[in-house]
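One structure is given here, and the rest of the page talks about it.
Chain lettering (A, B, C and D) follows the sequence in which the chains are written, and residue indices restart at 1 in each chain.
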Amino acid sequence: MFYLLFVLFAGTLVYLSIAERFRSYAKLIAVQGFLLFAIALIELKTVNLASLIFVLAETLIFKAIVVPHFLFRIINQTKVYRVHPKAFPAFYSLLFTMAGLFMSIILSNMLKNPSLDAVFLTIALFTLFTGVLLIITHRRIFSHMVGFLVVENAVFFFSLAVGSEMPMLINIGILLDIFVSVLIIGVLMNRIGTQFSDLESDNLTSLKH
Amino acid sequence: MAGIPLILLAAVFFPGIIIRTKSIVSGRKGPGILQPMLDIRVLFGKGSVYSTTTGWVFKLAPVIGLATMLSALTVVPFANMPALIPFQADFVFFSYMLALGKFFMIIGALDTGSSFEGMGANREALYSMLVEPAFLILLGTFAMLTGYTSFSDMFMAFHVSGNPIITVFGLIGFYLLVQIAMIENSRMPIDDPKTHLELTMVHEVMILDYSGFDKALVHITTAIKFAVYGSLICSSLVPAEWHPGFQILLFFSVQVAFAVIVGIGESFRARNKMQKNAQFILTLTAVAMLAFLVVLIVTNKLII
Amino acid sequence: MTMLIVRRLLLTRWLMLLFVLIQWFFNGYVLLHAGQTELSYFTYDPAGVLFLGLLTLISTAAVIQGFPYFVSQLNKRFSYYYAALTGLIAAMTGAYMANDITLVWILVEATTLTASVLIYSERTLHALEATWKYIFICSVGIALAYMGILFLSLSMKGTGLHDLSFAGLTSVAHRLDPIYLKIAFLFVLTGYSTKMELFPMHTVGIDANSVALPPVGALISTGLVNLGFLSIFRVYKALSDSPIFVWMNKVLILAGVLSVLVAAGYMLKAKHTKRMLAYSTLENMGLVAIAIGIGGIGYYAAFLLLVLHALTKSSLFFQVGQMGRVLGTYKLDDSGLYLKLFPTGAIALLIGMLAILAIPPSGLFVSEYLILKALVAGKSWFVLILVLILLCCVIYALSTRVLHLLFSHPRENAGIHTQGTVGRWETISQFIFLMVVVGACFYQPPFLKDIINQIIAGLPNY
Amino acid sequence: MPFVYLRTRIKTIMPLLFIFFMVLSFGIFALRKSFRYTYTLFILIASIALTSISSLFPQVLTPSHPHFLTFSAPDSLSIFFILIINFTALTAFLFAGGYLKAYFDKQTSLRWSVHLWAYIWLYFSMILVVILRDGFAFLVVWELMAVSSFLLVIFEADDRKVLKTGINYLIQMHLGLLFLLVAFLIAGEATGQTGFDGLKSYFGSHSNILVFSLFFVGFGIKAGFIPLHTWLPEAHPAAPSPVSGLMSGVMIKMGIYGILRVLFSIQSDLFVIGLIILGFSLFSGIMGVMMAIVQHDLKRLLAYHSIENIGIIGIGIGLGVLGMATGNNTLTLLGFSGGLLHVLNHSLFKSLLFFNAGSVYQATHTRNIDQLGGLAKKMPYTAAFFLIGSLAICGLPPFNGFISEFLIYLGLFKSFPESSLYFSILLLISLIGLTLIGGLAIFCFTKAFGIVFLGQARSNRVDEAHEVSNGMLVPSILASAAIMAIGLGSAWFVKPVMKITSELSGAALPEVFTGDLLRTLSRISLAGGVFIGLVVIIAVWRNYHLKKRIVTTGPTWGCGYTGGDEKQQYTATSWADNFSALANPILGTKKNTVHIGENVLFPGKRTFATHPRDLFKSKLIEKPIDAMLSVFKKIAFMQTGQIRHYILYAFLFMLLILVLTIFKIL
């Protein structure tokens, strides 16, 4: 059951790497939110109730509902649906993602630690890689933002790993989530969306030399 | 000490002898031995004409020229009698004094603003620049051979003895001295005083604009220069232990011989092409190095 | 926050000055209570005190230098500007003092927010772009740093420690799993390099500086840079008696050399005065990293470099700001003849250039001298030679640009004329700072030496 | 004991006074523009008096402790250099008083004071350079010297070329500084004492070649040994003439000073080091004068001659070192003291030449020799002084240049007999080099003097030329007086120099040796006196003689062509032609000729131009540096402005570290 969630999560990541449309991105982010909610529910048995509730609320409301909602709004607002301006063979990004997976496996083996579940670590690293890959390989700001959200999910994963010892860390991680996502999405929606017609990050390359 | 009057005396006859030899060789009667001196006297008699272009440098040049020549004399010894003012490495002073004179003759020529004289001056400058090393190397070798650094001591210590290698060195030395003298006095094969075309002159064209007194000074300078080199040659020959009378006799015979050689040489030899001069002079430096090599052998530094 | 409520320019200015005054008082308070811990999360340790003092100095100058940019009551931007400014300064002040990794991290995050508001205060497309990049990359950096912190905590599993105070970390560092520590340090370094303007994520600072108002630029590339450095250095120091110490040093040297290399490359192509200054920040931070990495006398050199660099760079930014007001442009190609147009400022710029290039009599020369000394002592010839060559390139590039800006006619729109005027008195702060920097070449005051030695005391091979 | 009391006071007062003058110098900025020069002059004279007194009575200037100006008691070498600096600094500044008048209105008030300030600080820093021993302090003042001279060079920076030159100068000076820095650090690292005093113990225990080469490069850049000279022929023409005089006269000698300082603390490997120095010096000497010959720019020509003279100095020093290496006392003493004396001599005649070149420039507004001519009539005094300078720099008796070169010659000839085979070949080579340099120098200065001052004007620039003000002649008078004094009274000057040499090189100074030498020198003076006497006599005779004769004037002999035309005259280019025919393979002078088109209507002008090049500069220095810079510029392509790339860098960096860690490289 527990591992099933992980596998599902990995699946969302793989799907993210080959998704063609922003709507599917938004959906996937929502899905990840729910999955994280479930995982947190299972993982955090030892922590005190208050923070548990806080965490669950955050994942459920914020990650799974609010953020995807904002994403949809941005998509509707900017009328940009396709991830890639021109047709882009998903094969490569898939390849990258797989490479990321293998690397995370290797790394998690390097970091083998009795007090830590290897699979857990693997998934967390894999999430991180995928997030960074999303940012690196995509041109559109929207995908960058999604990539960043994925990175945050990775952070959340890790914070879960130490959650039982230092619940404070989880809360801070959540702080990061809320605060940065709000900031970025805010800027994106209010300013860039209105200033630039389509969200090509190539429009944002005037600052050189 | 006694050198200076002797050299001056020799200088009186030297040009004449050269001219006479040439005329005899070319089958002419030719002027008397003293003819050049008479010409100089005539020049003294005349007034001067100066170019409007020229200034004080032009007038100063011949004066300095003669002065340098005479003060160069003060370090030239005769046989075993030391020079008037002998000191260590005085030959450096000697050659630099001559250079000073040349410097002034050159700028004097440039002062006229004439293209010919500029040309002559330019050539003179180049040649004297190139001949400098040969002379100093030669004297360096002398110094190495004798262990002394002043004309007087060197010539006193040096004499061509039976040692064959030293004789070889002596021959090279004489050859060099003669050639250097020719170049310094701008004679054959570097320069032909008889030529009538300014474009082919070196020294003559430099002094084209001088007249009267100044020209006389220039001629005197040239004459003395010749005699000085003659005396250098002879002092390297004269054995110190001879009686002064014989030494003086030898001195004059050497001077005459030198003059005759120059005369004969000039009458049978053609002037170099201008382009060839430079390399000709550089070969002298090479020869000087040869002399150096010889001395290395003599002083057992280089064992064959 | 009151700034947002008060919508009157003059009043805001007075409030601002009041804030500065408070800052000074707080600084004095900290000096008096040096070494104590308050609110259980803030310790007034030497490093904090040192950088706080610098911050107080520079922020004072920055606040005053900022006044001329908002003269009209009409646009209400100034209120955001001043609010953010106070926020930024306060956040930095807190971060200097924080004794807990996570707290430092939170406050650094806060600086990102406030700084981005400041960067955006011009409201141009460029400003927007820079702000976007700043926020995004900083957030990624922050996230990475957070990963680092998490790895630290992962490695601390089972040590029984439940908080991440530097003291606690120091106490257990030698017992922790090196691999975790390595990854943690790598993440922290990379993450905070956004703030420190060190190599991998140096780009944000440059873009930010190129659009931000000069006083803001001054704060970002001095106070914030110091903050970035401090947050890395605290972790470094905490881990200094762990087995990865040597590894950390190598990583730092690598990052430093790369920074200097990149800085030299950028500098040779620089076309924009403020970016040029940002590049030089990058270069100096590279030197700092190298100095820390090489250790020995390098530690002292690094801190001296940071202090003097802060003073010099801030005054340069102020000066460039004035230049922008005089010439009406920051583009190098259409600026020139500054010496004729505003002699006083030109002199300040000239001295500042010599100072930042560590050409004697500049205090930075002392630190560069010491860094090279440390390199020679460490027998790391390759780094030494590379750094020397790169420094020459930097000097060439910077001095060429600045001097042409001072003396020769602009390449484009040759008919240059003064856009605005700047009062002489406005340059005073710069001259004071630069005088301090020059003085430091001949005489470093003992209290400075003491405080630096206190900071670096306890580091190995020192 | 009031006197002792006073002295103990003075010891501490002197340095403080010096510092006080430094502080005073900032007053320049506060004063009215018209007062500044006088004010600066006062400070300069005051500090010159101070330093001269304290160095002539060395017991006065002893260690006292302001923080950084720890005046270590200057030894005789420092004192020697201090005196040289003082003299030339004074004359140059006096000359500047007249020379800068023309710029008074042109320059803004600020740059005016900056120039004066930089001048006085160049002076201060040079004094400090020769006084300070501690490595760090030395480096600081060394760079101060570079910076202040840089400010002086860019006096006319409105001209982009000048500014560019200035920047190149600054960079190269800084490069030199870095070399010195590393050298000091390496030595200091080993001994724990960074500075000149630490060197002795370092060289005692370590191999000398590497560190010495670092020092040699560092100081050689300042001194201008080829191929480290590239800044020199650019900076000197760009700077105002008094500054070029000062820089060429004394500032480049600071390099020599440094080399000597280092040399005298070296114990082993002397032979190799001597060879290095001698080789570079011969090369610089010959190449310097060869390049000088083909120049058209008067000041550039002089600049190349500075390189040549540095070469001569170096030959002296190199021979001295070889003497130390082979235990040849005579060569050591004569070589070193020849070099040292030439330092003094060169500072005199080179500044003299630069002053008068400056006067020419001010009178004609051109430095191009080919446009000048016939100035001797318009500015006779300038011409006379330039002539003296030329004769001195050619090393002709009875001027000072001859003395120093003579000492070196003497050293050579005296050590010919007892030297081994290879050593005597070495001596021969340096002999040839020295004589060649002398000859070429004559060739060059007959051109410089002859073309600039003699004949007819080659362009209309000369027409409005007129003699400079008396104020500008005073420095020339002083310099020439010194030149003649050394030339005729050489014994008085050589004796102390000889003392310094033996004191520093540790070579014994036997009585008999000094006796011989002084006798020789006095004889030289005598011969010189004879020469001058003869000149006077003959001149008087001539005048008396010509009084009684008719003296008329006419045109120059034109070989029948009477339309005398200045275009016919020899120019700098044609003068150098037959020489560069020989030397072109080495110099690579470019000639571009535009021929008249064959069978075209209205044929255009036929033009001919020669462009002297500096092969070392273009091939050895510029090419590699350009290559390097272009490589570094490539890095700027990292700035794509794309966020994803920026993130990528971070990612790659972490990956790199990871890989390096896994493979145990980090």
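Quick note on the criterion: a residue touches a chain if its C-beta (ideal position, glycine included) is under 8 Å from a C-beta of that chain, and two chains touch if they have at least 3 such contacts.
In this text the structure is predicted, and so the values were computed from the model without any measurement.
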Any chain in contact with chain C as well as chain D: A
Chain nearest the global centroid, as defined over all protein CA atoms shown: D
Most remote chain, CA-based centroid, reference being chain C: B
More contacts between chains, A-C or B-D: B-D
Chain B and chain C, separation of their C-alpha mean positions in angstrom: 79
Chain centre separation in whole Å, for chain B relative to chain A (CA means): 100
Chain centre separation in whole Å, for chain D relative to chain B (CA means): 36
Approximate Å spacing (C-alpha centroids) for the pair chain A, chain C: 32
Interface hub residues of chain A, defined as touching at least two other chains: 135, 141, 144, 204, 206-207, 209
Of all residues in chain B, the ones touching two or more other chains: none
Per-residue overlap in chain C, given as positions that touch at least 2 other chains: 133, 136, 140, 266, 269
Which chain pairs touch, all of them: A-C, A-D, B-D, C-D
Parts of chain B lying in touch with chain D, wherever the complex brings them together: 44, 46-57, 59-60, 63-64, 66-68, 70-71, 74-75, 85-90, 92-93, 96-97, 99-100, 102-103, 106-107, 110-119, 121-123, 125-126, 128-130, 132-133, 136-137, 139-140, 143-144, 147, 149, 198, 208-209, 212-214, 217, 275, 278, 285, 289, 292, 296, 299, 301-302
Chain D to chain A touching residues, read off their complex: 636, 639-644, 647-648, 651
Touching residues (chain side chain C, partner chain D) in the complex: 133, 136-137, 140-141, 144, 182, 186-187, 190, 193, 199-201, 203-204, 247, 250-251, 254-255, 258, 261-262, 264-266, 268-269, 339-340, 343, 346-347, 354, 359-361, 365-366, 369, 372-373, 376-377, 384, 388-393, 395-396, 399-400, 403-404, 407-408, 441-443
In the complex with chain C, residue positions of chain A that touch it: 110-111, 113, 115-116, 128, 135, 141, 144-145, 148, 151-152, 154-155, 158-159, 161-162, 165-166, 168-169, 172-173, 175-176, 179-180, 183-184, 187-188, 191-192, 195, 204, 206-207, 209
Of all residues in chain D, those that touch chain C in their complex: 67-68, 108-111, 136, 139-141, 143-144, 147, 154, 157-158, 160, 163, 166-167, 170-171, 174-175, 178, 181-182, 185-186, 188-189, 628-629, 632-636, 638-639, 643, 646-647, 649-650, 652-654, 657-658, 661, 666
